[in-house]
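Note that chain A is present in both complexes that follow, paired respectively with chain B and with chain C.
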Partner chain A sequence: MSTAAAALQLRRASAAWKALGETGPIGLASAMVIVIAVLVTIFGPLIAPSDPYLGQLSNSYIGPGPGAPLGYDGAGRDVLSRVLVGARTSMLGPFFVVVLSLAAATLLAVWSAWVGGNVDSVVSSLLNVLFAFPGILLAILATAVFGKGLQAATIALAIAYTPYAARVLRGAALRERSLLYVSALEVQGVPAWAICFRHIIPNVVPLILAQATTLFGYAMVDLAAISFLSLGVQPPFPDWGVMISENLSGAVQGFPLAALSAGLCIFAVVISFSILGQRLHENYEARR
Partner chain B sequence: MRVQLLFFVRRLLMLAATLLVASFVIFGSLYLAPGNPIAVLSGGRSLPPDAIKILEHRYHLDEPFLTQYWIWLTNAMHGDLGISITLREDVSILIAQRAGSTAALVLYAAILIMVFGVGLGLLGGLRPGWIDTGVIVTSAISAALPAFVAAIVLIAVFSVGLGWFPSLGSGEGVLDTIYHDTLPAIALAASSLAIVARVTRASVREEFGREHVQTAISRGIPYPALVRRHVLRNAAIPITTVTGVTIASLIASAAIVERAFGLNGLGAYLVSAANSKDFAVVQGISLVLVLVFVVVNLIVDVLYSLIDPRISLGSRAQ
Partner chain C sequence: MSEQLLSIRGLTVRLPVERVMRTVLHDVSLDISPGESVGLVGESGSGKTMTARAVGKLLPAGARVDGEIRFAGREVRSLDGAAERSFRASVAMIFQDPRAHINPVRRIGDFMTEALRTNAGVSLDAASKSAVGLLARVGIDDGQRRLHQYPHELSGGLLQRVMIATALLTDPRLLLADEPTTALDVTTQAEVMGILEDLRAEFGLAVLFITHNLELAAAVCDRTAVMYAGQIVEIRASDLLHSDPLHPYTAALAAARPSIDRTASRLMAISGRPLSAFEAPESACAFAARCPHVQDACRRSRPSLVELDGGMTRCLRATELRGHMELVANG
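What follows is the complex of A and B.
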């Protein structure tokens, strides 16, 4: 990497930090919650105080006590340990949804904005058909076809989210396409792919990040819902959606803590991503 | 008026095209699903070749894919969605038995969204200060509340704690259904309601900042007339759009609430059919849900063009 390229990388990295700083105290607090959730995703199984799979039925729905700050679930398993271990699927699933759908959306948006004409209208109408499928429905359909599990649901949701991200990114890509610097590069004979990948996409990265942040929350809710419907992650793995589903009967009997613990984790992560995404988007629009 | 009629016809054609592609996706994906339909029909037992032939012929399994799709589609248009392999009944009858329960739930949630979502948004938009701050905080919290988490909280507080509402099952008759559907409808509406409130508040605020409203204020137009004629009239466009779109999306997420509260609706049935690989049912319900979703979106588009004839027809407020 040349010095100029390295300097550019550095500038972009510091710009990302600055963008985060500009989100204000509430935005920073949301970022903190997300960082904690990511740390739990990585180290959860290591810091879990007890075995998340080993239960004692005599402990069924016993409230918080020494050694179990969140009490026990219906099968007498430690809720805290299960929440910590369950972060893995609950966080990684949405992560893959966001990465896949934004990669597809960015490529589609930039490609159709660049070529325009027929390609643009074909891509637009294909995406319009996808709008006819609510994400949850597509995910249920996918699990019916490819079998229950996180994989089918993740891919289905990635497909379902692509049109939403692509619509926003296409507008931004069209705006970039009409700017003078793009024409200047074209006149200099820079190949189209290079202009797209080295210039247009890096310039819409702030918007991609804002979209990613917003979509992560939606993906987390939808994937947990699929697991709640027993079509996603399968028990005994303590995915947060699975935990809510398992402990639903406990809530009806008056022991909501086990289900609420997992629910609160989803709520905290979703609200943090939603606030951060909104702030990032506002700042992007304001800078334009 | 002619322009609007043309727009309507064009939208209907688009809707038909979308449904055609969607039906192809629904049929095609389940056709590709691994597993032999005959094996499912026979329950895993081995059948004599003659019996297999008869079954293949009855379910058109010996036809090429496109012919099968065409038979399925034309039958579906006549209201025949095939036979459920687990319950051995007409899928359309099974769907009809459960559609009412889901429709009641979604309608109830839609009313909650229209009344409280728009109401909270107007309150926040028209009353700056601590009321507005309250609306912002409430809607931020409610927006991040997934239906299944809201369900747990509602059951814990209002069903187990206070004993005001039942936590399970659906009711008989109108009043009893409303009684049984109250908690499910709130859980279903929670996050959509917040989105509607947020958009309503933002668009009312935006209209207040507009020049024509400032002019109206300086002309001394009384406040109620100002709000009604100048602010709400213009803010109605994004509010209608977001309300319609969020209500349309409830149709699919009703499945979650039906599972949480043990309601016997379409969504819960779709999930159990997906679980038991009852493909005719999965196809049928998916088709119905997509149809309703697309039609509701069409209604929103038409409403939108009626509210605001200025903007070029067919483009939606972002």
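What follows is the complex of A and C.
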């Protein structure tokens, strides 16, 4: 392979880092929180100090002490271990919601923007109808039909979130479609799929990322709410939503730490994603 | 007609503008034979670019097209699949603003080789090599380095040369050049025109050269077609366009051009304002309102494009006015 060809294959991977750097100190702090949350998701069960399922009722609602920095929950289980292990479902659920809904939204948006005309009208109308269903209602319906659990709720939320992302992305794709470089590629005979996947989608990636971070926060709150209603992740698995639900009585009785630690985890992750998403979106719009 | 490379017959294009279909091209007929260069001149909005976009299958969605466009004997509008890809390879297009026509976040090399790699299955290595070769032909010697650069790192003139080299990569037979030099300064313009001329001779390329510069078209093209209000009003061998125009509009344009060997206190102008294609009357000559030779007959029916002494003209009085028009325009 010639040097020309070899160098052409080097893509600029630094673009993502640059976009992150432009979000400022608060954006970077949010990114840090997210990175920590992701690490906990991956390594949580390995670093948990004790068994998250093994409880001693004599420890019920005992506050922080040696060996248990966050104390014990109502069943006498170590709260820190439960929070660390619970990250699995609490983080992965929203992750799949975001991946599924953004994949569907991107394909729909680029397709309808490319073809235009009647297809665009029909897709837009369908999305508008979908807007009428609140995500959490759709998820509750799905658990009623397909049984309790994370899977049904995740898919239902992914469908409910698709129109939000698709509407924003369609606008960006339409703008990109009308740019002259697209005509230049068309006239060279580059097929439509290649123009869409190699040019239009990469050029709206910043917006896709911004949408991903915003939606992640919403999905996390909604999934936690569904688990809280005991329709999602089932006890004894320590999903953060489940933990809040389980320890609500303790919080009322004056032992808030067990419910609060799970709640604070959700709060920190959601706020971080929200700030980061907003910054990324603002920077994308500012560049237009 | 089979020897024609491109043959446009009675091309009429209507575009939806706020739910009303507006005519942008009316009854355009034009032939280009292999290796020939044809100029297409006219004012802004006269339909030059629309003609090229119709040939290049780039009309916006919802456009209504009548008439036929044949390339190498085949109807262009019905091509699809493999036939369309081979048509795309045979008909290349370059544009007025090269900077707007390249994805700004991709390297020059990506842009140049994409069509070859995707459609012809040429390896990146081979495609890069032919790209460097063609860059050298358009006067860019350090092509290897240019392939790694981004569009913003190149000047407008360089970028237009890159566009030309890219257009030639698929070995086309027809080049649609849509005002390729309008956005460039005059010296660069001359260079780019020189390159186009050399390449045309070298590759036996037919060129449809669109410009609003009558002089430039006449200087570089074998024949020149003049457009007014979405219609072709005259097609003439370029060397006869100024000395022996067939249509009053061409004559008026020629008279209006300033000359360096004449001193004039005022520049000549054509009275009235140019019409858009959709404003052109259905049953009158489009130029009637501004024509110094207008008669009642001109306002009653739209003249058709007729042959006259090797050229074509869309004027009722063409025969009687011939040779007398510049006098009137100057008077």
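Going forward, the second predicted complex is superposed on the first by the 276 of 288 C-alpha atoms of A that agree within 3 Å, B and C clash if a C-alpha of one lies under 4 Å from a C-alpha of the other, contacts with A are read in each partner's own complex, and residues count from 1 in each chain.
FYI, contacts are C-beta pairs under 8 Å (C-beta built on N, C-alpha and C of every residue); 3 or more make two chains touch, one makes a residue touch a chain.
Because the structure is predicted, anything quoted here is derived from the model rather than measured.
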Partner chain in contact with A:217 - chain B first, chain C second, else both or neither: first
Partner contacting more residues of chain A (chain B vs chain C): B
First, second, both or neither for A:199, with chain B first and chain C second: second
Partner chain(s) touched by A:128 [first = chain B, second = chain C, both, neither]: first
First, second, both or neither for A:184, with chain B first and chain C second: second
Touching partner for A:51 - first (chain B), second (chain C), both, neither: neither
First (chain B), second (chain C), both or neither touched by A:267: first
Which superposed partner A:230 touches (first chain B, second chain C, both, neither): first
Which of chain B and chain C A:285 touches, first, second, both or neither: neither
Common ground on chain A, meaning residues reached by chain C in one complex and by chain B in the other: none
Interfacial residue positions of chain A with respect to chain C in the complex: 1-5, 7-9, 116-117, 179-181, 183-191, 194, 198-199, 202-203
Residues on chain A engaged by chain B in the complex (per definition of touch): 128-129, 131-137, 140-148, 217, 221, 224-225, 228-231, 241, 244-245, 248, 251-254, 256, 259-260, 263-264, 266-267, 270-271, 274-275
Interface residues, chain C side, partner chain A - complex: 56-58, 61-62, 84-85, 87-89, 91-93, 95, 97, 100-107, 109-110, 113-115, 118-119, 123-125, 128-129, 132, 144, 147-148, 163, 166-167, 170
Parts of chain B lying in touch with chain A, wherever the complex brings them together: 14, 18-19, 21-22, 25-26, 29-30, 32-34, 140-141, 143-149, 152-153, 155-156, 159-160, 167-168, 191, 248-249, 251-253, 255-256, 259-260, 270-271, 273-275, 277, 279, 282, 286, 289-290, 293-294, 297
